[in-house]
Amino acid sequence: MIAVDLPYWAQSLLRVLGGTVAVLLPAGTIVYLFLFKMMSFMQSRLGPMEAGPYGSMQLFAEVGKWLQKEDIQPALADKKIFKIAPLIVLVSTFILVAVVPFGPDAYFTDFEAGVFYALAVSSVSVLGILIAGWSSANKYSLLGGLRAAGQLIAYELPMVLAVVGVVIQAGSMNMQQIVFAQNHGSIFGWDGVGNPYVLTQFVAFGVFMIAVQAELTQTPFDMPIAESELVSGYMTEYSGFRFLIFFIAEFANVGIFALIASVLFLGGWGVPFSWFGWDSMDAVDDWMNVVGPLIMIGKMLALSFLIMWVRFSYPRLREDQLQRFAWKVLIPVSLVNIMLTAILKVAF
Amino acid sequence: MTDLIDRQKLSYIAAQAADARLNVELETEGMTLNIGPQHPATHGTLRIIVRLDGEQVVWADPSAGYMHRGYEKLTEVRTFPQVTTLINRIDWLGSFANEVPFILAAEQLMDIEAPPRAQWIRTILFELSRIANVSLFLGDLGVQLGAITPVFMAFRDREYVLNLIEGATGGRFHPNFDRIGGLKDDLPKGWIDETRQVMKKLRNFCDEIENLLFGNKIFQDRTRGIGVIPPAVAQQYGLSGANLRASGVDWDLRRDQKIALAYDKVDFKVWTHPDGDSFARCWIRLQETREATKIVDQLLDGIPSGPVMAKVPRIIKVPEGEAWVSTENPLGEMGYYVVSQGDLGPFRVKIRTASFNNISIVPWVLRGVYVPDVITILASLYFILGDIDK
Amino acid sequence: MGFLKDRYNEYGKGMSVTLNTFVQTVKPKKLGGGAATVQYPREKEAPPIRARGVIALREDNCTSCMLCARSCPDWCIYIEGHKELAPPRRAGGAPRKVNKLDRFDIDYALCMYCGICVEVCPFDALFWSPEYEYSEPRIADLLHDKTKLGEWMETVPEAPELEAGAEKKKK
Amino acid sequence: MDPLSDTSTSPTADETPALASDTLREGIVDKLRAALGDQLLDVKLVPGTDLWARVATEAWRDTGLALRDQGFHYFCFLSAIDWLPSPYGRGEDDPTAPAPERSTEIVHGYTGGETRFQVFARVTDIERHIGVTVKADVPDVAAGESPVIESWVTNYAGANWHERECHEMFGITFAGHPDLRNMYLPTDFEGYPLRKDFPLLARLVKPWPGIVDVEPLPGEGDESTDAAADGEGASA
């Protein structure tokens, strides 16, 4: 992983620390930049201004507040499952970040079936949400949990199908290889910007981003939470620390999915290789291990801006409309996209 | 009328069928869901008990009264001038509009009429309170449907209107500015110009809301065809205001009755919509806000000069008699049936509020809809708890 | 193109509204931007002159005639007074009987801010002040006695001029 | 239909002169009389303003039907009046002084009446821009029993909630109403708040601050002059 040979325990420690940073840093940044500030600006107000300069310490104040709160469990709740549920959601975020590459050598694991793995574990969080809704012993939570299950499973499919187009074009399921294929590729012979798949797979990108929006239960697909109907759905009964975990997981997930989307469609950590004359992964300079993560964060912020912008502008769909949209629009569209991609791949 | 009875029968049969399906076919029990009294969608403390089959409503029963303040009783122990300060609190978003019908009823009993200038200013303030009320509805609508931004825009621009009301009357929410025989005071200097500016801002606000919410495909999908109320049913339940006009009934008390306000001096359009669904109700309110800004602009151009108070005895005793006056308030028809027995205070005041009738249709209209539509329909019927519970 | 335009109207216009507001809010104040809110304890918005904030009492003018206490819809004004002999105005005249105010309390926990008391006062002893910062942690402290009500007199503004066309008030 | 029922909706067309409006209302009375006969007990017509009618108790539901058939499709409200004068006044009595004598004579309002309770309702004809208030006496009953009158629910569906409200506030039972549950008050609430003999406790538990008067000079006796007139020093 790194040029220096570290003992196994040190490597593991580094991975755990790196993973924690990779989960918490995007979550914190997104919460402050988008949830606190951008939302406020879009609503003609300033947002938190008291804690730290321009309210930048607000998140720590909030965390402090949540940690102090009483950990309430409903009397009729299934206590064990009730306690485990938020952890499952958070853990799914952590195991998701494992396959995301941040630089030529800066990755947690170089996994051949990386895309497949990512799509598989991203649905683990559904389990957490479903059991949270079930174990809360609350009708609103139950409705929210069931809605979440229906919705997340329905949108898993267009997401997978959208990614299939990318995989066909890249010819690999390894995320590192997908990054390489984009930055080293060319669009019909022109390699000025490489071949970020957002240009050649724009249909897949659209479908993927919509599915991500639904997967993250952000407006217009936030029926499982549905503040004005279900009073926060599956989270209704959670308070204090456990609610904090849900909260972190929600925004960490936004970050992770934005990272995955930037790997799949925006060229990941890379810059077009033709600019520097690199022609293989080994030829990439070592400084990309430092610049790469920064590029990734930049792309992640751009994509989360998009996700959040939609979130703050749109009203919410209804459950049946959402299902109809998934099955009648997104899935056919992505199937056609796969077909076209395959034909073009064979033709050229 | 046959139309109505058929529909009632049909909805009854549908409900029976739903019950039967619950118990026999699927061998499942329905779920009873309590929406409220503390629930973000009921903006206040309305409680709606719904019986669900999955997410479909089998029947719904609204239960009001968590905020009942007994205004009809309280008016009986107050003098006429003291009543106006009380009834400000019925519809607290458009409170000036609450005073007007009561004052007009008292004036009708005393057989006096406010001077023209007072009538014009009354009409202006009446329309301003309509704007203050309905603009918040437009923002709140977004929240009910899951969009969080419109409500902040509504609060931002509503603030300008509230500043105007406060600048003229001294009271931000509870003006208590209307007096039997006129107004408490004249307008302060510079108020008219300021109002013109604010009306421009409000028209801009309406455009923003239209782009942000009404034009959105998701919003239209959520509201069109949801909660359809046919005109005959709407009249039977006494729906009024935008809810009635959204069902295609062309009835607006501002235009359709002779009343001592300046509405006959201005030119305005009464909007109606043939659909009768949630979208129509919201859309009518948006158009009415626009129309109200135009009414205010026209009125500002032509305020007559003169006194704002007619000659009224210092101690007001209202002669014996009964009077009913209702006006087209932001929420619909609001009226007072005032019975006086020649005393300092009224003998009995029956307060007819718009929301009470508007919400009484809820059990009828909620049958067979989905839980998210419950919220949509409640939001589009637009009630204010103080207006239901009095 | 018509298809794209329709999609823009349906999905894009809303996002442009939020983006416009975003730009408007982050634009510097000099260029006419800024948020619609104010940072309250640091910045304050001045209420209008007529704003009904708190009632001020000019004790000298009060004759404890009880009119305000009797016309209060909430029964939140408490007045006690006694009669006194004051020195005659002209030398050699009979001593005058005047009403001396012992107690004048307004319970702001009950007050509905209707302004009827200010209106009925025949001797100009009560005034509205737009001052609004007098919340108290204890509800009992909201009972303002005549000293406290007198202190509010400093904050009472002049009545505003009236709009063109208004009839001059005769006092 | 009536030739004067102008359904034009422009603002100017509405300025119907008082006389024309009068004939319109008289026409309504005539039709009502034709439908109800002797049951129409009394009519009060203020030209150009409003119309009141009182019908016999047993004709209450038929009145609603007759009005609906005349075109009064819009249901405005239904409520009741307790004509008994309040034994408590406005709650401004001095608790230390002996209770003042109050008249218990029932004085009815427009169109008269014979009983303590009256129900009244208002319906509107949206086509003709006209409304009418109808009243009916509710027969007096012995204490502890609930006076009964027919329900209007079959005439106007919107009467449902109004009758529920009326039932809990006045204790009037509407025969034929499907569901006379309490709407505002707790189920086990005792008493009927809008009846005049139901005390408004908020006004009774606390003495009126206006009772106290300025203490006279020692030895002056109870020479109760108007306190306001004494304020000569303050006529600024």
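A few remarks follow.
Labels A, B, C and D are assigned to the chains in the order they are written; within every chain, residues are numbered from 1.
Note that a residue touches a chain if its C-beta (ideal position, glycine included) is under 8 Å from a C-beta of that chain, and two chains touch if they have at least 3 such contacts.
Just so we're clear, the structure is a prediction, and the values are computed from it rather than from any experiment.
Between A-B and B-C, more C-beta contact pairs are found at B-C. Distance between chain A and chain B, defined via averaged C-alpha coordinates, is recorded as 44 Å.
The geometric centre of chain B is 28 Å away from that of chain C, both derived from CA atoms.
Distance between chain C and chain D, defined via averaged C-alpha coordinates, is recorded as 36 Å. Rounded to a whole number, the gap between the C-alpha centres of chain A and chain C is 53 angstrom.
Within chain C, the positions touching two or more other chains are listed as 14, 17-18, 21, 36.
Annotation for chain D: no residues touch 2 or more other chains. Looking at chain A, one finds that residues 42-45, 312-314 touch two or more other chains. Every pair of chains meeting the contact definition is listed here: A-B, A-C, B-C, B-D, C-D. On chain A, the positions that touch chain C within their shared complex are 38, 40-46, 49, 309-310, 312-314. Listed in rising order, the residues of chain B touching chain C in the complex are 78-79, 81-82, 84-86, 117, 149, 153, 156, 159, 163, 166-172, 174, 176, 184-192, 208, 211-213, 215-217, 303-308.
Those residues of chain C whose C-beta lies close enough to touch chain B in the complex are 9-11, 13-14, 16-18, 21, 36, 47-52, 71, 73, 112-116, 119, 128, 160-167. Those residues of chain D lying in contact with chain C across their complex are 206, 208-210, 212-217, 220, 227-228, 230-236. Listed in rising order, the residues of chain B touching chain D in the complex are 1, 8, 63-65, 68, 70, 72-74, 76-78, 108, 232-233, 235-238, 249-251, 255-258, 263-264, 267, 270, 320-324, 326, 333, 335, 337, 339, 341, 344-345, 347-348, 350, 352, 356-357, 360-361, 364, 389.
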